[in-house]
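Two complexes come next, and they have one chain in common, chain A, joined by chain B in the first and chain C in the second.
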Partner chain A sequence: MVVFIIRRTLLMIPVLLGATILCFVLVDAVNDPVQDMVFEIQQSTGEPVPQSTVDALEASLYYDRSIPERYWLWLTGIGDTNGDIGLLKGEWGPSIEGSAMDIGYEISTRFWITLRLVLFATLASIGLAILSGVVSAVKQYSRTDYTLTFLGFLFLAMPVFWLGSLFKEGAVQLNKLLGSTIFQTYGSGSTGFQGNGWEVFLNSIPYLIVPTLVLMLGGYAAISRYQRASMLEVMNSDYVRLARAKGVRNRTVMRRHALRTALIPVATFAPLALSGAMGGAMVTESIFGWRGLGVYSLDAIRAGDTFVVMAYVLISGLVVLVGVLISDILYGVLDPRIRYE
Partner chain B sequence: MKRHHTAAVAALACTALVLAGCGQDGESDSASLEACLTDPAGCNSGERADGGEVTWALDGSWGTWNQNTSEGNNAYVSAALVGMWPYTGQFDPGGEYLFNEGILASAPELVKEDPVTVEYTLQDGANWGDGTDITVDDFIYHWYATSGDESRCEGCDPANITRGSQVESITGDGAQVTVTYKDTYHSAEWQYEEILSSPAHVAEAEGFDWQNDPADMKAAEDFFSTTVPTWSTGPFKIDDAKVGEHVIYVPNDDWAGETEVTLDKVTFRVIDGLENIVTALRNGEIDGASPFSVTAETITQLQGAEGLEYAVAGGPSFEHIDLNTKNEFLEDPVLRQAIFTAIDIENIIARTYAYVQSDIERKGNHLFRNGSDYYTDYLSATGQGTGDVELAYDLLEEAGYELDAGVLRDPDGKAVELDFRYSESKENRRITGELVQANLADLGIKVELESIPDADLGTVLGEGDFDMIDFGWSSEPTFVAAASQYWETGSGSNFGALSDPDLDALIAEVNGTLDIDEAAVRANAAVEQVVQNAYSLPIVDTPVAVMVSDRLVNVRDNWASQQRAAYNIAEWGVAAE
Partner chain C sequence: MSNTASPRLDAEALTSKERGQWEMVGRRFFRHRAAVVSLVIFLLIVLFAYLGPFLWKWDYKIHSEIPSWAAPSLEHPFGTDKAGRDMLGAMMQATKQSLNVSLVVAIGSTVLGALYGAVAGFYRGWVDSVMMRFLDIMFVIPFLVITGAIAGAIDSSVRWYHMAFILAIFGWTSIARAVRAEVLSLREKEFIEAARSAGGSDWHIIVKHLIPNTMSVIIVSVTLQIAFAILSETTLSFLGLGIQSPDTSLGLLIEAAGASAFNEHWYLFYIPGLMIILIALTINFIGDGLRDAMDPRQTMVRR
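Presenting the complex of A and B:
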């Protein structure tokens, strides 16, 4: 097992390097943020931008270097730098947003914001998926099964941006009806709120409810189908039939024999779902104003903010790879038929 | 704020600031936004109660705290810092310039014309909110930071050095500060020049020897870029802030201004997207916003909302179509003239901007807004923008162009084909392109529409990668530098590469007088010459909206200020019962 983990961990390095090179070239080759910044300044001041300012901008963002040199500096920080670049030295590079925007700080704080959002949503969607999947399987081809299947496909088919907007409007109307502000529609907490982790969580509850519902409903259907199929397979297996033949009560058969085994696919899928949601929550974050990793990356891609995009690719890539690794390990732990050598 | 009546400003007639829609039917006195139609600087006014909190949304973010720098020249940081920044003053919605009462005791005085020498009188008790008075050193600090001179600030990247590079010396005697400019400085807008930015004493306290070491001056600028300002020269001071996300203000008890601040707390928070802003406003999460865009859907949502007022009017930028004179066809002024004549601007307006601002007017001058004292319509008489295809074709026929089976051919027999580019997220610009395409099809010109990713607009313009393009320029009341920026041969912002020696001579004259009225006359002569060149066709002042909770008073939009509705933040308040 240890050898397996080490081998898989080492394999992550070339995968991540490959992903970063590809992304760097793609983002860098199609953007010239300096020229766009110059245009914006001209629009704003109504006056020409001095060449010395353009030169200083290029130098501060490393756009006076070639693409390979910029990538090398981003990765290693070895060379002529301003001391703000070099992953190996703990520097993520400058953002075109401005020098007060520290990419490392932004990534670290936004990671937790996104995690807070997707963790609850993923846990809730897995819980709902297990429940509906099991009920559907136990009551196969009944009206309940068809209803749950219909609802599952309905939420799966709804675009997240549409579902999000619908729920937001619903929250506004409900607030009006109740004469309260229970549901907040934008942001992840009160503006400027500071406190410990628990206080931050409590403060974020009004902001968490609606986006969690949207993410949960948008994500549970696929897992629910897994759970239903898995449960049906187990319920038709010999050892379940044997348990029934021995006279064990149906509820006990379902809970102790069938469900435990049928949970294996979902349990191993959960880390993947969580890591995938970490990287894919940008639509929900945009709609509900959660300033997490997704929105950060989306803004960076739009603006051609290369070093922010690189940071996002690295972090999200790492999260997905770790998710895959945990998923693989869980297979071995939960399923006695699988052994790692 | 002290009101300084000056003829130098492009003062607007009330009818120029037409409002297309106002909430709360039935109200028309000065206590509603509807009154902005006739009283742009005094509408929605009222008695304020003591106390109260306001949360205001900004529809964009910022990445630095220092507005001197290129990265800090951003309308959103300007709005977010409006409560504490040492502005010289602001134009109000009526086009009147209001000097900052917390800093200046009176309007600056031109004490000598050659060289231009301006004397500033500091307000009694003008200070940085930390017990330190504003002094001549602060004026010198700002000069060095914006000088563009490596011997004063090594490696600095100021957004604008037009004023800083022209300062010869700054001296002070108590409350009197005298700025002497170089012989080459002759701006008619001398009194609006920004004179302060960051506190020199804070730089010194941080150990920067900015007066003697250009590298330290740069380090001080970097410090101010990354440090949340705890100092303040305005009616409020920052209590909490996070770059690009929010600024929370509490009253600044040391403010030297006379306007009484009644609010206990003002929060500026970033909300991305117009839809999100309107929803948050309807849900009571914010009290108002003046975003830089407005759509018909927004208007519909606001119309049905309770407890809100809104107004739509021409904003701080204007739409225009530019032609690239480097194009093999468009280098011919006759073709440019014919194209502009064939384009039907009124039809474009009716199918785009009129949906959000029903009484919007076509813009007839690039530098002065309709209704300004200096406004003259140079376009209508030329036929440009009328959609007169027959007149356009007559012009072309006379110049040797031929229509061959529905295809326009130039005198060399080449079929005229052009592209039209626009920012992909701007729906109105896409529709404008389609209408231009249809207009020019009648003339036998094939036009291909090509969208531009929003972040690439600057690149496309800078590289001249367009034949025709629709984009926006600032329409602020200042105009002296604009003509040179837009149209002078070799200017980095003359994206279509127009080169006309007669126009260059006219532009040089705009910068050669200290008399604002004379400068305006010369600027208009430059506009007339540009129109003759058929280089740039203005469409409208881009409509923007202000949306406000009806519990607030003294909140109104201001097209003439980067801070928009926050320009008079000291006067904001919760309505008295």
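Presenting the complex of A and C:
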């Protein structure tokens, strides 16, 4: 098992390297932040920008190097640098916002905000998917089944940003109606709130409810279809019929014989749900005014801030890969035929 | 199109007249009530978007004689927005742009994905491993970030075909996986061996024998791809990284409606939202109906 985990972790490295190279080349090739900054300075001062300023800007953002060299510096920091670049040295590279904006600091504060949302949303959507899939399968071709199936199709067709805007305004109306603030609809926690991790978490719960609900409904439908299909297949299999014939109680058959096997295909879709929630978090964070990673990367995309975008690509890639690893381990737990030696 | 369902066809030929495969698919599809209703609604939406602008007096642009923020009425069935834009005209243009993007993405990404998957599955071995590792890499890259970064860099001149191109370039991976899985089993079949012994080149076998036999997978994924594309395109437009004004898109209309879901301008928020849902929902039902209709294990009777 340990060997398996180590081997899989090592295999992540080339995938992450490939993903970051591809992203870096694409994002870097289409963006020219230096030119944008020069244009901005020109607009504010009304005078042509001296060449020395342009050169200084290029040097500070490493835009005087070629793309491969810039990638190498970003990754390793080995070479002629200003000491603010190189992942291996723990530096994320310069932001176009200047030295006041430390990417590493921003990420470390924003990461937990986003991870909190994404993890809750993924777990909630998998839970809802299992529940609705199993109920649908047990009551196959009944009215419940058709209603749940239709709801699944409906949420599959609903864009997260629309659902998010609707729920946000709905929560605002509900708060007005009840004269309370059960649902916080702006921000990820009270501004300026201080405390230890647990207190920060408790403080964030009212802010978490609505965005988590939105992401949960946006992500559960696809998995619930697979859960229903696999549950149906298992329920029609011989060993379940045998268990019934032996006179095992229905509940026990469902829980022990059917559900456990039917969960295996769903484990495949857990990483998919995670990466979907990462994407959805970008949208919900910007709707609900969170200061999380997703919004950070959106702002960076708009500004052409390559190193911030790359930081997001790396982190979200890591989260997704860890999700894949966990789902592979879950396979072994759920399916006794799979052994990791 | 080979004879995948020949034993059953023969058996049915005894009791009823002989039918071709596509006739069977058509008959099964038209028994799927939700799929047929969806197909009709979807065709109506297509007519609305492409023919509507020729019939309706207002276009999607701002006109000084249009009052601002008028509630839905006979004059302006979907109301008007703050700037003085007839929302019915805007909806036609927005739906047209979103449909343009999604139809082109569906075709482009399906061609790309089907070829990629068929090549990977056909050659197996190291070609397959390399191509599958590349798919792993694509899976890890956050889709919204990479498409948004490229679309955002085109600045204010993003047209629908830019969006279609960008989304197609990054949206083909799921089709490639599905087609590859199908080709892996098809390539061992006798008719492939026959084609090879008759001197068919690799390319000939892939394009003329393998891909046509995965057509059922491909057609279903085209429909799913339309739904996926329309959701991605509207999301990017909503985030300001897609189609830009003065042109319009369903995502842009919802973004412009802002927080009006529960105030007197509710129609600005609900109408474009419901249009997205309607398109994606009907497409999903059509895809579901097609999948059932093309499943060779399916009998004429719908259980």
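Note that in this section the second predicted complex is superposed on the first by the 309 of 341 C-alpha atoms of A that agree within 3 Å, B and C clash if a C-alpha of one lies under 4 Å from a C-alpha of the other, contacts with A are read in each partner's own complex, and residues count from 1 in each chain.
Going forward, a residue touches a chain if its C-beta (ideal position, glycine included) is under 8 Å from a C-beta of that chain, and two chains touch if they have at least 3 such contacts.
On a predicted model such as this, the values are computed, not experimentally measured, just so you know.
Asker: Please indicate which partner A:321 is in contact with in the superposed arrangement: first for chain B, second for chain C, both, or neither.
Answerer: The second partner, chain C, only.
Asker: So, A:156: does it touch chain B (first), chain C (second), both, or neither?
Answerer: second
Asker: Based on the superposed arrangement, let me know which partner A:15 touches: chain B (first), chain C (second), both, or neither?
Answerer: A:15 contacts chain C only, not chain B.
Asker: Considering only the touch criterion stated at the top, classify A:286 as touching first (chain B), second (chain C), both, or neither.
Answerer: A:286 contacts both chain B and chain C.
Asker: Quick check on the superposed pair: does A:179 touch chain B, chain C, both, or neither? Answer first, second, both or neither.
Answerer: So A:179 meets neither chain B nor chain C here.
Asker: Touch test for A:45: chain B only (first), chain C only (second), both, or neither?
Answerer: Once the two structures are laid over each other on A, A:45 reaches chain B alone.
Asker: For A:169, decide between first (touching chain B), second (touching chain C), both and neither.
Answerer: both
Asker: With the two complexes superposed on chain A, say which partner A:247 touches: chain B (first), chain C (second), both, or neither.
Answerer: neither
Asker: Quick check for you: in the superposed arrangement, does A:313 touch first (chain B), second (chain C), both or neither?
Answerer: second
Asker: Shared contact residues on chain A for chain B and chain C?
Answerer: Looking at chain A, the two contact sets intersect at 30-31, 165, 168-169, 172, 286, 302, 304.
Asker: Once bound in the complex, which stretches of chain B touch chain A?
Answerer: Going by the criterion above, the answer is residues 55, 61-65, 69-75, 148, 150, 155-162, 165, 222, 225-227, 240-246, 248, 267, 269, 271-273, 275-276, 279-280, 282-285, 317, 453-459, 461-463, 472-474, 476, 478, 481-482, 484-485, 491-493, 562.
Asker: Which positions of chain C touch chain A when the two form their complex?
Answerer: On the chain C side, the touching residues are 133-134, 136-146, 148-150, 152-154, 227, 231, 234-235, 238-241, 251, 254, 258-259, 261-262, 269, 273, 276-281, 284-285, 303.
Asker: Contact residues on chain A for chain B in the complex?
Answerer: Result: residues 30-33, 35-50, 52-53, 56-57, 59-60, 95-101, 165, 168-169, 171-172, 175, 181, 183-187, 191-192, 194, 286-287, 289, 291, 295, 302-304 of chain A touch chain B.
Asker: Name, in rising order, each residue of chain A that touches chain C in their complex.
Answerer: So the residues of chain A in touch with chain C come to 14-16, 18-19, 22-23, 26-27, 30-31, 141, 153-154, 156-162, 165-166, 168-170, 172-173, 275, 278-279, 282-283, 286, 297-298, 301-302, 304, 309, 312-313, 316-317, 320-321.
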